[in-house]
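Worksheet for the structure shown next.
As written, the chain order gives the labels A, B, C and D, with residue 1 at the start of each chain.
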Amino acid sequence: MLTDLSIGMAGSGGDGIVSAGDSLMTALAIEGYFAMLTKSFGPQIRGGESSFRLRVATTPVRCPGGALDVAVALNWDDFLKFGAELPVTDRTVVLYEAASKVAPDALPLKGVTPRAAVAVPIEQMAREIAGTEKGKNTIVLGLVAGYFGLAQAAILAGLKKRFGKKGEDVLVRNERAFQAGVEYAQAHPIPSLEPMAPPAARTPRLLTDGNDMTGAAAIFAGCTFFGGYPITPSTEIMQYLTREIWKYGGTVLQCEDEIAGIGACVGASFAGKKVMTATSGPGMSLKTEILGLASIAELPLVAVNVQRGGPSTGIPTKSEQSDLFQAAFSAHGDVVRPVLAPTSVADTFGTVVEAFNMAEQYQTPVIVLSDQEIGQRKEAFERIDTSKFQLVDRLRPGDADLEPYIRFRDTETGVSPLSHPGMERGNYLASGIEHNEHGAPTANGAVHARMNEKRLRKLDPLALRRDLFETYGPADAPIALVAWGSLAGVVVEARDMADAEGLAVKVLVPKLLYPVAEEVYREFFASVRAGLVVEQSHQGQLYRVLRMFVDVPRGLKPFARSGSNPFSPDEVLARVREIAGQFRADREPVGQAG
Amino acid sequence: MLTDLSIGMAGSGGDGIVSAGDSLMTALAIEGYFAMLTKSFGPQIRGGESSFRLRVATTPVRCPGGALDVAVALNWDDFLKFGAELPVTDRTVVLYEAASKVAPDALPLKGVTPRAAVAVPIEQMAREIAGTEKGKNTIVLGLVAGYFGLAQAAILAGLKKRFGKKGEDVLVRNERAFQAGVEYAQAHPIPSLEPMAPPAARTPRLLTDGNDMTGAAAIFAGCTFFGGYPITPSTEIMQYLTREIWKYGGTVLQCEDEIAGIGACVGASFAGKKVMTATSGPGMSLKTEILGLASIAELPLVAVNVQRGGPSTGIPTKSEQSDLFQAAFSAHGDVVRPVLAPTSVADTFGTVVEAFNMAEQYQTPVIVLSDQEIGQRKEAFERIDTSKFQLVDRLRPGDADLEPYIRFRDTETGVSPLSHPGMERGNYLASGIEHNEHGAPTANGAVHARMNEKRLRKLDPLALRRDLFETYGPADAPIALVAWGSLAGVVVEARDMADAEGLAVKVLVPKLLYPVAEEVYREFFASVRAGLVVEQSHQGQLYRVLRMFVDVPRGLKPFARSGSNPFSPDEVLARVREIAGQFRADREPVGQAG
Amino acid sequence: MTTIEAYQAKDYKSDLKPIWCPGCGDFGVVQAIYRALANVGRPPHEIAFVSGIGCSSRIPGYTTVYGFNSVHGRALPIAQGIKLANPELLVLVAGGDGDGFSIGGGHVAHAIRRNMDLTYIIMDNQIYGLTKGQLSPTSPRGLKTVTSGYGSMEDPVNPLLYVLGYGGRFVAQGSPADMAGLAQMIEEAIRFPGFAFVNVQSPCVTYGQPDQQLKFQKQRMVSLDSLGHDAGDRLKAMEMAQAYGDKIYTGVFYREPTPAPAYEYYVRDRQQVLAGEAVDRSRILDGFAPPA
Amino acid sequence: MTTIEAYQAKDYKSDLKPIWCPGCGDFGVVQAIYRALANVGRPPHEIAFVSGIGCSSRIPGYTTVYGFNSVHGRALPIAQGIKLANPELLVLVAGGDGDGFSIGGGHVAHAIRRNMDLTYIIMDNQIYGLTKGQLSPTSPRGLKTVTSGYGSMEDPVNPLLYVLGYGGRFVAQGSPADMAGLAQMIEEAIRFPGFAFVNVQSPCVTYGQPDQQLKFQKQRMVSLDSLGHDAGDRLKAMEMAQAYGDKIYTGVFYREPTPAPAYEYYVRDRQQVLAGEAVDRSRILDGFAPPA
């Protein structure tokens, strides 16, 4: 029985592609499967082509995977527009609209012969059974459920929820359409197709995307102020908070632009609140100046960048990892601010909570580099035990600190107690101008040097945060992979595949990207002779940032590619094999590790 | 006779410090001396303390130098406020206001016994002779001229120009005051004080500051549009162009903010003109987004950042070199844009012309990283032969390119012919959205990768621009210094001093900071065992940027310090001696080179 | 300037297929622009058309002129740079209500007080279309959107009143519900020798409010002409503009009776006057010779 | 809120010695603020005072309240964040004409249409003081400065008219030439339960025009009261505001007769209504359980 199945589907606007994907995803989560759903659209706001790919498994899903097991084409034109996003190979079963009149042995898939191709009269069945072409997606759900024995009860329950309000008649037609799909599958079996194994446990999984997760994590962390401006693909964070934050005594301010958004955050942080803004590349560029203000005024602030294709307006709807340079270095002057990256929807929770904690602990802006992939994909994942997470609040002045209060006192840690308007005797002048410990403006070089040193020194403890790095594989492996953000899952999966082939490979996944925790890398690299830093950017930005601070092994190279080009575990594996092959050619032991 | 003399002077607002410095500087330039004048002020717009330091020499002056030869204190309180900016040592002659009632052997200079201290009744002389306290600066000019036999005729001519318009009486009083200063010096000789040698040639030098030079270079390069917003210490660039550019058919637009300033530049460049904007750190931060637009729309543009102390508002009036990270990496997405840095006022001419040429050649924004020191200091320097400079204009489409016109054609060089509104058949859509060769918007990953590659590839020739690097000293020296911008002169002077001590040291001065010309550094570093990257930033930003691309010698370390703290050749030399000492301790040959 | 040939609307229409939602008001706006440009008759290559980002800002790509689909909110500064670089060009600027009055709101007053000869067209759909339905600065108080699920708590921007307050010299409002009127108004704006502003009630069929849609608009539209409005009276225009958000007045609110010279004419003047003081560029550094 | 004690002007004056030029108008403004605050009587620690960058923006440092001398042009967004974070605070905002109407000009309309209970004081000297004398948005046409050596070619911004056009609910103008009037006006602005705007004609003695200096101002000042101006009539206020740059009218141009609730009251309302729907924060993820 299958324990891992990838389904892709494409059609045009009216075909209900997205709702099919969502219905299936929900049903799977209810049944206790792990799953991941990514959607993709044409440039039109309405009526263009759309698609999804859904991967379901009995164990946690790390990435969207590679080639599809099942591809559903409601329309070949639309299907082909998604190219590499819906990869069909010889292991793929293709179900397609019979009305397309394409022969199963003449599919428009250059040089690919799929495992099986079944032309299903989807449209006709929909019209006849559901009474409307809109039923096509229900038919497809039936087909998938039928071929793989998948989540029938939950899908039916979902149909009831979705169509119940529309009247008994509509519901019944859809139930029948679903049934028809199931029956069609049973009537047209595909040789040696295995059904999906049942989930490991019948406990419902949590189900959400990275953007909503960011909002929820913020509320959990105690955020009560969000200032921002809409921008794809981050807007859902603001939208989530607009619905929820008021319940917790908080406020969302949709501002006139990104500068005002982060400006309001700086104000609210000054006034004592935990604050967040969220945006994407162009918005980050606009926020640059005020991020610098938060650094010098030493005010906690979380800024989330859900990365998309750049530069400039770039490709708003596609994922990329090309804003790392900006996150680390966009400020003028000597500024260091922590940059964190979540590796999945589930991981976004902890990462965002960590961002708030760091911001508060060190009175600094913290940047969370999410990406479109994580921000907008849905995952069904194990429940998170929130009691594991501790929350940090900024150091507030005690009585002793208030006589007199010295806002920027150069303490041993570099962290100074921070008052806020309303606190008696805590009055001070915050400023973007260089200031002395009391907050008075100065142009004195010695004071400036000391304050720069204080502002950087306070981040020193980050170098010890080994918990912000994940490692996989044997510690003494000579081949290493490094990856971050949404590529982490791809690379970890590739490692598992390499492992299965007997290749000793290890993986490092930094969640703290900057400042560079030099020791952690040094230790990790100690055994490493060769490897790859895998990134979805043209320049391989993390590779470069690491070099700034760490002597990376000579054999470690960037494996980097512009966004809007998905990475698959297979291709990473292929590169690993090459490297291992090179080792063998050089007569070096590869499979040594335990 | 002296060939090199450093004079420093301080007093309060009304003392005419600045005009004394300017008068002296002008006289020296007329006489044919080389000189450098830096001014410094307290935080007040009016009425605060002010000072200058002036270095005059018979050969070109590379940097403001170290300790003063002559210090003039019109007022001890004010003088002391300038601390490290007016360093007094045992080789300094101190002239000071007798009315301060300080005894020559009890000067308020902690632990320093100057070479000589003369209390001069400057105020009294001014009142008695010039008839007003305002004559104090003229008395001082006389003192300096008298003690060092310096430029008397030219100073007198300057007085005539300055006071002639104010009436015969005023002029005569000032001439007498000057004379009185000269005579006072003669009457109170300082033992073993040498006079200044005459200039090598009596040809007047050019005399200006880096900001005016930037404006002039822009006009020379063919710039006809400047859009910007005032900000210290860059505003004089706009002010120069506001006076001059109209004469050359150009326009200055003082915009509502920095974003509009660079936006207007992008528009004017799109319309076919050579354009420039200028600002300082906070303004650069605001321009980030539109710099990215210029990169993806492939439009030529020069953006000058006259660096000041950061982060945020920081220290607007003091020099720092801490915006290199920002210059190289502030954009979101995969962007590379050239960053150039001038090393002196004189060098600013060629650097800015080069910036325009690069911008036009590669259809890219180019950043010029000047700094407050260069932007606002005055230099008297050798005439520049402008006929040596070639000007580049963007590649415009020829007839063949226009049928049909493909704006972003992926040519071999990556540079595509660029039309402009008004050109028939050249019509196209410019955009910040990713686009194909025709300019049509796309989200296609393959096209995106190709366009990113094209936009970066076109800059490849920069790696071969050895002419943008200066080297000094023996090619096989084991000790190296690297410095850029206003620190280049300090470091080159330190090298000369080391050389004089028999230490084999070489210096590399990159004027192209980014992209990193890897080969140039590799070659330079080949002989290097140890050394320093000397920078006026807390983090040592160039050192880090180099590491990204080059395996720097293990012994090469950053020697970095926050801005508003001047560097002197002596202290660099001291560090070089230490390094050399270490070598000796390790029994390595140091003085080997020829 | 090329001699005027007979251009037709189709000469301004590009091959790029609009990806607007079927029924989007912007289709009507681009049609009106084709017509207006044909009537004005300048060849496409002598026209520059700048926009920001938004559904509406895609519009330059659908024309054959030199287009610039720039970044969100910055169309006006870019357009001013173009105009100053080459005052001979006909320069159009367009965008959405968010592009123009939210993120770009800081540029409008300054463009107007400089008064370059530009035509600025806002496609005002009272919503953020491209980003899928968030509150826009012109959205009415109380509006529920994905970013104001419990209703907006802010007064809307009044583009007409703002622009009049900024000293706008040509201020009009139109709608694709009256195509002929819109085309004519845009033509007039283009011909106006200074900064001209046209607010277009261009409905978003996907995220817009029902009462903005063309068929409802037709019911709410009142032409200023029919009211005998005097377009030469700024204060009166301001009074009429107060009805924004309530009534839809179409036509010209204000047109400066005797248009003042545009900014670029002062520029040219200054350039001509000062040209005589220019030295050869190769001798530009002579200006730094110390005064002997 | 602390109980009101008797505060005196000096309680709001900090130890930092102003570095303004002797005679700068801003000395008068800060004095007027001390007095107004003393009359209002809130303890300094319950007051936040935000500014941008400029000579005028140094003002928070000269008070004992929580000050924020932020970055150029962004005082209003920061102040709004403060107010929303803690509506109990008294929040003052101040800056120069450039800070407020040039680089910060995009924020004014939005602050006004949101209508939080803030007091915004512009020290309008029609010049850039801190950067040493460049053209400001309120500089008159023709003015020669270091960035307009041949004279400005732009119409000036009219802060009063802009703010009235944005729907400002309290709009006044004062001058340190009439200290008592200024202090009283600022007090009134603070007490006004919504966004209040005070334009102060605060001369720059170093770079300003002669006719702006206090002694000339005194000659040009006309109090609106003396003209019997009706501060309840917005259109009338707009008419009077047109005289900006010509006459100096002092006093309240407009004061909303029945002030509408400020933004933060709606916020509180919403928070109270929705508080009941909150789950414990530790269970926030339950919202992501699939609908069973």
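As a working rule, a contact is a pair of C-beta atoms (placed from the backbone, for glycine too) under 8 Å apart; a residue touches a chain by one contact, two chains touch by 3 or more.
Fair warning: this is a prediction, and the values are worked out from it, not measured in the lab.
When you average the Cα atoms of each chain and compare centres, the chain farthest from chain C turns out to be B.
Comparing the chain pairs A-D and A-C, the larger number of C-beta pairs in contact belongs to A-D.
Here the spacing of chain C and chain D, counted between their Cα centres, is 31 Å. Between chain A and chain B the centroid-to-centroid distance comes to 45 Å (mean Cα coordinates, whole Å). Mean C-alpha positions place chain A and chain C at a centre distance of 39 Å. The multi-chain contact residues of chain A, meaning those touching 2 or more other chains, are 43, 246, 256-257, 282, 289, 293, 297, 312-313, 431-433, 441.
The set of chain D residues touching two or more other chains comprises 53, 71, 102-103, 105-107, 109-110, 137, 150, 267, 270, 274. Within the complex formed with chain B, the residues of chain A that make contact are 43, 83-84, 281-282, 284-286, 288-289, 292-293, 295-297, 305, 307, 309-315, 317-318, 320, 322-323, 325-326, 328-336, 431-434, 441-446, 448-449, 452-453, 456, 537-539, 541, 544-545, 547-549, 561-566.
Taken in their complex, chain A has these residues touching chain D: 26, 29-30, 157, 161, 204-208, 212-213, 216, 219-220, 222, 224-225, 227, 244, 246-251, 253, 255-257, 259-261, 263-273, 275, 289-290, 293, 297, 349, 380, 383-384, 386-387, 420-433, 440-441. Within the complex, the chain D residues that touch chain B are 19-22, 53, 55, 71-73, 102-103, 105, 128-132, 134-135, 137, 146-150, 206.
Across the complex, chain C is touched by residues 101-107, 109-110, 113-115, 137, 150, 153-158, 161-162, 164-167, 235, 238-239, 263, 266-267, 270, 274 of chain D.
Contact residues on chain A toward chain C in their complex (touch as defined above): 42-48, 229-232, 235, 238-239, 242-243, 246, 252, 254, 256-258, 282, 312-313.
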